[in-house]
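Read through the structures below before going on.
Shared chain: chain A. Partners: chain B in the first complex, chain C in the second.
Presenting the complex of A and B:
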């Protein structure tokens, strides 16, 4: 089956881009086998939102990550270096991604039939 | 080669739409095919027909309309991005009971499925980020 790779590099909160990228990934899952790769500040999307929604203007779309298995999205990856740079900890995440080194990221991109960057 | 373009940047706070325009022109001049141009995020703002820029400034909307008309391109906007940002065609304006529509001619509003379809059938998807 065709594999689409979604690369997500925008942080949540400061813009609606991350939320719209997630919408695109969900749409993609209806047509194809997809993988999600969080890189750079995009890895901050993985943190479980703590603020009450009323306290900021954005929707907490990250809780939707819990439904990814229902969309048959099993492949959730994060750049290991970004994960480390942003001091992410397992306990604070909505979903636990598989951490990939730079060569592993290159291989993932190489294997994908198509790559969509957000 | 068959290309799809995914454009995401705002017309006024990024270079995304301009870079994509030049890329599309270069593609077409070299005999490649552009299956679809998909406007997402703030890039949908380029299709606002109510823009009235000064005459001595680049008019990105007109430039995309010209290119689209000349080469019969599918200039497709994400409906969810459009509705958030107030880009409405007649049917959406009617559906949401708005007093006017503002979709510039030459563009069409459709769904994310069009981006996914394009990425499945094209040789390359080129993203012009926000």
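Presenting the complex of A and C:
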């Protein structure tokens, strides 16, 4: 099965990248193995959202991360340095990612059949 | 070999450490402003999109390899993956 790697580097809220990446990953899960890698400000997507949905006029799609195992998406990775830089160890996260060093990230990119950046 | 593109200085600041030694780094759009960085020419992995450099009225030191859109297409076909880093 094709291995698709989604690299997510945009924070949630200010652009549609984060939500679009999530939707694309769910769609892709129908025909591929999916791995999601959160880097830089992208790892902020993992923080449990506390939105007044009506006020913000957007869906708190991150709660959907809880459904990823149901879509057979088990590989949720985060850059260990970004995780630390954004103090995620003290935040309440929707899902706990596996932390990867930069050499591990390079190996992950090499292993993938296709890489999609959002 | 993986082709990493950077489209801004911020993208390079955030992700410039990610390419491996055997990868290529392509600077496009506002990423080309990085040519002002001393020692950039010593990094043999760096390629700069000539057209974006020209549009910004910049000149690159001679040690830096400039490429055209056609070269970019060729590099894309030769690379295992193309990864765009934005910031």
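Heads up, the rule we're going with is that the second predicted complex is superposed on the first by the 116 of 118 C-alpha atoms of A that agree within 3 Å, B and C clash if a C-alpha of one lies under 4 Å from a C-alpha of the other, contacts with A are read in each partner's own complex, and residues count from 1 in each chain.
Assume contacts are C-beta pairs under 8 Å (C-beta built on N, C-alpha and C of every residue); 3 or more make two chains touch, one makes a residue touch a chain.
All of these numbers come straight from a predicted model, not from anything done at the bench.
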item	value
Per-residue contact with chain A, leading partner among chain C and chain B	B
First, second, both or neither for A:31, with chain B first and chain C second	first
Contacts of A:74 with chain B and chain C, given as first, second, both or neither	neither
Partner chain(s) touched by A:92 [first = chain B, second = chain C, both, neither]	neither
Which of chain B and chain C A:101 touches, first, second, both or neither	neither
Touched partner set for A:14, first chain B, second chain C, both or neither	neither
Partner chain(s) touched by A:39 [first = chain B, second = chain C, both, neither]	second
Which superposed partner A:4 touches (first chain B, second chain C, both, neither)	first
First, second, both or neither for A:112, with chain B first and chain C second	second
Doubly contacted chain A residues - partners chain C and chain B	10, 114-115, 117
Residue ranges of chain A in contact with chain B within the complex	2, 4, 10, 15-17, 20, 23-24, 27-28, 30-32, 113-118
Chain A-facing residues of chain C, complex	2, 14-15, 17-18, 20, 80-87
Chain C-facing residues of chain A, complex	7, 9-10, 39-40, 102, 105-106, 109-110, 112, 114-115, 117
Footprint of chain A on chain B - complex, ascending	6, 8, 40-41, 78, 80-81, 84, 111-113, 115-117, 119-120, 122, 125, 127, 129-130
